[in-house]
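There are two complexes below, and they share chain A, which is joined by chain B in the first and by chain C in the second.
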Partner chain A sequence: MSVESRSRQSFWSKNIAWLLFMPAFILTAGILIPFGYSVVMSFTDFNLTAGTSNFIGFGNYIKLAKDPEFWNALKVTILFTIGAVAIEVGAGFASAYLLNLGMRGQKIWRTLFLLPVMLPPAVAAIMWKLMMAPIQGVFNYLLQLVGLPGSQWLGGSSSALFSVILIDAYVFMPFAGMIFLAGVQNLPKEPYEAAAVDGVSSWFTFRRLTIPLLKPVILIVLLFRIMDCLKQFDIIYAATKGGPASATMTISVQAYYHSFRWTNMGYAFAHLVILWAIVYALSYFLVGQWRKAVSEVHGY
Partner chain B sequence: MKKVVLWLVIMVFALSISVALAQEDPLAYYQQAKINWQAYEGTTITIGLNKHPFTESLRPLLPIFEQLTGIQVAYVILPEEEFFEKLLVDLSSGGGIFDAYMTSPMYEWRYQYAGWIEDLNKYWDDPNLTDQEWYDRDDFYEKPLRANMWDGTIGGGLGKGRWNGIPVMVEFYCQAYRNDLREKWGLTVPQTYPDLLDTLTKAAELGKQEKPQVYGVANRGIRSWSTVHSGYFTAFSTYGQKDLTPDLEAAINTPEAKEITQIWIDILQKAGPPGWPSYTWYDAKQNFAAGRFYEITDCDFFAATYENPAQSVIAGKVGYALPPAAPDGSIVSNMWTWSLGISSLSRYKEAAWLFLLWATAPQTMLDGTLKYDNFNPTRKSVWENPGVVEKSMKWGTKPGEYREIVDAMYAKYGDIQWTPNPDVTTVGDYWCEALHEAYEGKKTIDQALDDAAAKINEFMAKWKK
Partner chain C sequence: MDGERLTLGKVLSAVGLVIIMLWTIFPLYWVFNMSIQTPIDVISYPPKFVFDPTLENYSVVLLGKSWLGKYETVQTDFPRYFLNSLIVCSGAVILSMLVGVPAAYSLARYNFRGKENFAFTLLSFRFAPGLIVIIPLFVIFRRIGFYGTYYGMIFAYQLLTLPFSVWLMRGFFEDIPPELEYAARIDGYSWWGVFRKIDLPLIAPGIAATGILSFIFAWNEFLFGYILSSDATRPVTPSLMGFISYEQVLWGQMAAAAIITLLPSVILAIFIQRYLVRGLTFGAVKG
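Here is the complex of A and B:
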C-alpha cells in the first residue's frame, strides 16, 4: 500500500463520523439559522417600508403585552385549537371504529375517507367558502329546503370561528382517524377475549380497555393536531382573512398582517416567537405524557 | 388594348390585396414609431397581473407584442388581495420575479418610499427608448396620470415628482340600480345618503317577495382597506371628510365622519348582503349581475359586465346615477386606477419599458376596450372612439346615461381621496376593522372609529415630523 493511499484511508477513517453527521448538521443549521434570525429580529423595529432595523430590546414584547389585539388573537387561537382538536379527535376516533368494523367495500371507504387530507388546505378553504356563501351557497340552500333559516357562516362574527373550525376538521379529521385506525388494528386480542369470558359490557370494555390501551395513540394525535391548530394560517386566511372584525384573528394571521400587509416585521416576529414558545411548551408536556403512557401500556 | 386592361385589373387587384394586408397587419401601427422594438429580442419578461377585466383584455393582445419585439412575456395572475401580498413578498425579499406589474397609486407610495419601483421619467426622456410624439402622453386624462406621480412628501405631493405607473383603466363609484324593479316598486333614485338608506331599506323589504329573493344593496366587505375605498370612502368624502389631517393625525372619527358612517352601517345592516364581511368585489359584481340585488354602490366600470348578456341576466335593465349628495349638495367620488409599473429589481428594465409603451399605446388600449371590454379607458381618444361611444352609449335608462356619469367624474367629482403616505393600506385595514366591529354590533360607531383612529395614530407616528 502506497503512502498516499494509506494517508487517504486514514483521512476517511478519521473523519467518517463527522462526514456522516454533516447532512444532519446542515439540516439542523437550515432550521436553526432562520429561527435564530427571527428571534433576533423580534428585538428590532425592522420595517420593510421605512427601512429601519434598530435594536429596541424588549420593546416589541412590552408592546405585545399591552396590545388588546394580541390578547384577542391569543384567545381566538386557543378557542380555535380546542374546537378543532375536539371535533377531529372525537370524529376521528368514531370514524376509525366504523372503518374497523369490516363493512363491505372497506377499502373504498378508507380511500374516500382520506380524500380531504389530499387537498391543499387553502383549496379546501376556498371550496368551503363557496359552499358557505350566504346567498348562493349550497349550505344555506339545503337549510332552507328543510325549513331552517340560513346562516351567515364565514360572514358573521358569531358563526365565523365555528365555520373555520369545521373546515379544519374536514381537512384533518381523516388524518386523526387513520392514526386511530392503525392503533385500533394493533390492539392486543387477549384482554378482549378475557373480558368477553367475564361477560363485561361493551361500554365497560371501551372505557377500561380500549381507551387506556390507545392512550399513547391518542396523545400522538393530540400532539400533532394541537401543534398544527395553534399555527393554523392558510385555512383561516383564505376563508376570512381573520374577520369579520377580529373574530377569526389568530396569532399566525395577525403576524401575517403585521409582516406581509403592513411590513412591520419586527413586531410580527415577536408574535411568532411567542407562538413558538406556546407550541414548544405544549409539545414538551404532551411528549412527556406520551412517554409515560407508552411505558404504562407497553412496559418500556 | 385587351393587354392593358388585363394589366390594369391585375394591378388594381394586387394593390387591393396589399392595402388589405397592410390594414390587417397588427404590427404596422407600432412600426410607425421611432422605436427599435427589436432591441431586446430574445428576452423573457415576467409580468405580475391581477385577476381583472384589464388583464382579460391584455392577454389576447400579448402575441402582437411578442411578434413585434421578439420579447417573450410570461405572467402570473392572482386575485387582488393575494396579488398584492405576493408582489410585496417578491419586492421586499429582493426576489425580482416580476419585471413589470400592475400597481396603483396607493401601493406606489409604499413601493416608491421603499425603492421598489422605477421612476418612468428616465425611460420617457430617453429618445432611444421612446417616441414621445407617436405615444402621445397628452392623450391620457389628467387625473389618472397625475395620480401615479408623487414627489415623496408624506401627506401631499401628488401629481409631482416621480412617475411610477402608466394608468390602464380608471374607476369611480356611482349608483347602479335595477330600473325595472324601481319602476315596479315605485321607488325613486336617491339624491342624498339618508334618502339612499330609506330607498334601500324599502327595496330590501320589497325584494323578499321576489323569487328568488332580491336583496337591497351589494357592497364589498372583506377585512381589507379595499372595503373602505369604494362606496364608503365616496360617501365619507362627500361629507367633506379626510382620512388624515395635514399633520397626519387620523380624522376618521370627526362628528361628520361618525354621522355618515352611521348611515352607511345602517344601510348595510338593513339592506346589505347577509354575511357582508365575507363579500369581495368579485362577489358583489357577480351577484348584482345575477339579479340578486336591487342596487350596487361600487365601481362604475362594472357596467361592462352588467350590460353583457353573456355574463349578466340584467343587461338593459340597469340605471346609473351619480353617488348621493351631502346635505350641502356637494358630490365627491373616490378614484382608483390600475397602472403598469417597472420593478426596481428587474434585470430587463428597458424591455419592460417597451412592454409598458406597447400595452398603453393608443391602439392597444383601443383594442382592449373595443374588443375586450377594458373600461373605463384612461385615454381620451379611446373613450371618444366611435366604436366605444356606440357601445357605452346604450348603457343606462336613457342613451348616454353611463357616459355622462363618467364624463362628470373625470371633469368634476372624481379624484383620489386618500392622503399620500407609504402606510395608506394599513390605515385602510384598521379603518375596515372599525366598520366590521360597528356592523357586527361589537362596538358603537363612536367606539369603533375612536379605537381605529388611535391605532392609526400609533402606526403613523413614525412618519410625523
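Here is the complex of A and C:
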C-alpha cells in the first residue's frame, strides 16, 4: 500500500463520523439562515412595499407591548392551547382505556381511531367547515333532531374559538390516544399483581401506580401538543382566517396578516420571535421534566 | 352482584367506544357523502342521508368539466396540483433519505464533539413556528429567483422532513446491536460491506417507514406550499383554499377535492400503522 493511499484512508476513517453527518447538517443549517434573518429583521422597520429596512432597536417590541391586538392574540393563543390540550389529553386517555379492554374487533377499532391524525390539518378544517355551516350544516341539523338549539359555530364571535378547538381535537386526539395506548401496553405486570394481592382499590392503583408509571408518556403528549397548539396555523387559517372579529386571531395568524397582507415584515418578525421564545422556553422545561421522569421510571 | 356490575361496566365501555367511533368516522363519512351529491342535494335542508349518488363532483374537480353546463366550477387545475405535490414531496423525501441515512448512522454509531447539540438543534426546529422560517425564505427566494420553483419548494420541504428522518432513523440504527457489526468486521468485511450486508437489511423496514411518514408530513403541509409556490407549482393541500371563496355554491366539489387530497395520506398511514407512535413522537415512545 502506498504512503499516499494510506494517508487518504486514515483521513477517511478518522473523520468518518463528520463526513457522514455533514451533508445533512449543511442542508438543515439552511434553516438557521432564515431563522437568524427573522431575529435580526425584528429590530428593523423592514417593509416590503415601502422598501424600508432601517434599524429601529426595540421599536417593534415596544409597539407590541402597547398593541391591544397583540395582547388579544396572546390571549387567544393561550386559550386555544389550554382548551385543545385539555380535550385531547382527557379524551385521549379515555380512548386508550377503552381500546385496551379487549373488546371484540379491537384491532379494527384501533385502526379506525388513528385515521384523523393522518389527515392534512388544513383539509380537516375544511371538512369541519362544511359540517359546521350554520344553515345547511349537518351539525345544526343533528342538534335540532335531539332538541338542542343550533350554533353559529365558526361564524359566531363567541363560538368560533371553541369550534376551532374542536377541529384541532378531532385531528390530534388520536395522537394522544395512541401514545397513551402504547404507554399502557408497556406497563410492567409485577406492581399490579402485588397491588391485587394487597387488595388495593382500583382508584388507588390508578392514582399511585398507573399515573406515575405513565408520567414520561404523559409528558411527551403534553410536549408535542402544547408546542403544536401554540404555533397552530393551518387549522385556524383554513377554518376562520382568524375571524370573526379577531375571535380566533392567534399570534401566528396575526403575524401572517402583518407580513403578507400589510407587508410589515419587521413587526411580524417581532410577533414570531416572542412566540418562538415562549415555545422554546416551554419545550426546554418539558423536555427536562420528561428526562427526569424517564430516569425515575426506567432507571436510566 | 359482582357479575351484574361487570355487565354494567361492559355496557358503558361499549357505549364509550361507539361514541369515539362516531366522532372519528362521522366527519369522514359525511364529507364523502357530500362529495357524491348533486349541487341541489348538497345544499338541501334537512341534509340528505339517502339520495342518488353521482361522481360528477369528482369529474369536475379532476377533469374540469362543468356540471352539465348548469353550474359554475372553480377553474382549478387539480391534476396539476396533485402532480406538483408528488414532485415536491418525493423530491424532499429522496433528498432527506440520501443525506439522512448516513447522518443517522453517524449519530447512532460514532461519538464526535458537539454531537448531542447538533442532534437537539435538529429536533428544536420541530418546535419553531413555521412562519419564522417561511417569511425570510419567501423574501430570499424572491430575490434569488427561487420563488415558485420546484427547487425552492423541495429545499423548503426538506427542512421539515430531514430533521425528522435523521432523528427517527438514528433510533432504528441504535436498535441494531453494534456487536453484529464487530463480528462482521472480524470476518473481514470492509466498512461499506458491513453497512450494506448487516445494517441495511436490518434497517430497511425502518427506512421505508421513515420515508413514508416523511412523505405524509410533506403532503399534509399547508403553510410552506401556500406561501412559496406560484400557481404553476402549487401543491394540492394549499390549493384547496381556492374553493373556499366559492363555498356557497361549490360544496360538493370542495368535499370531493378534500377527499381526493386526504386519500394518499390515509392509505399510506394504514400501511405503516406499526410505526406511527414511534414516528409521531420522533422516536421518544417506541410503541
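Everything that follows uses one rule, which is that the second predicted complex is superposed on the first by the 284 of 300 C-alpha atoms of A that agree within 3 Å, B and C clash if a C-alpha of one lies under 4 Å from a C-alpha of the other, contacts with A are read in each partner's own complex, and residues count from 1 in each chain.
Basically, contacts are C-beta pairs under 8 Å (C-beta built on N, C-alpha and C of every residue); 3 or more make two chains touch, one makes a residue touch a chain.
Here the structure is a predicted model, which means the values were calculated and not measured.
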| item | value |
| --- | --- |
| Touched partner set for A:T250, first chain B, second chain C, both or neither | neither |
| Partner chain(s) touched by A:F260 [first = chain B, second = chain C, both, neither] | both |
| Partner chain(s) touched by A:T210 [first = chain B, second = chain C, both, neither] | neither |
| First (chain B), second (chain C), both or neither touched by A:T44 | neither |
| Touched partner set for A:I135, first chain B, second chain C, both or neither | both |
| Touching partner for A:L115 - first (chain B), second (chain C), both, neither | second |
| Touching partner for A:Y280 - first (chain B), second (chain C), both, neither | second |
| Partner chain(s) touched by A:M103 [first = chain B, second = chain C, both, neither] | second |
| Chain A residues touched - chain C or chain B, whichever exceeds | C |
| First (chain B), second (chain C), both or neither touched by A:W153 | first |
| Overlap of chain C and chain B interfaces on chain A (superposed complexes) | 48, 129, 135-136, 260 |
| Complex contacts: residues of chain C adjacent to chain A | 13-14, 16-17, 20-21, 23-25, 27-28, 30-31, 34, 43-47, 95, 98-100, 102-103, 105-107, 109-112, 115, 118, 121-122, 124-137, 139-140, 155, 158-159, 162-163, 166, 191, 216, 219-223, 227, 237-238, 240-241, 243-244, 247, 251, 254-255, 258, 261-262, 265-266, 268-270, 273, 276-277, 280-281, 284-287 |
| Partner chain A, residues of chain B touching it in the complex | 81, 85, 88-89, 92, 110, 113-114, 215, 221-224, 273-279, 283, 287, 290, 292, 422-423, 425-426, 429, 433, 436-437, 439-440, 442, 459, 462 |
| Residues on chain A engaged by chain C in the complex (per definition of touch) | 13, 16-18, 20-21, 23-25, 27-28, 30-31, 33-35, 37-38, 41, 48, 91, 94-95, 98-99, 101, 103, 109, 111-124, 126-131, 135-138, 141, 170, 174-175, 178-179, 181-183, 185, 217, 220, 224, 227, 230-231, 233-234, 237-238, 251-252, 255-256, 259-260, 265, 268-269, 272-273, 275-276, 279-280, 283, 290 |
| Chain B-facing residues of chain A, complex | 47-52, 129, 133-136, 150, 152-157, 240-247, 257, 260-263 |
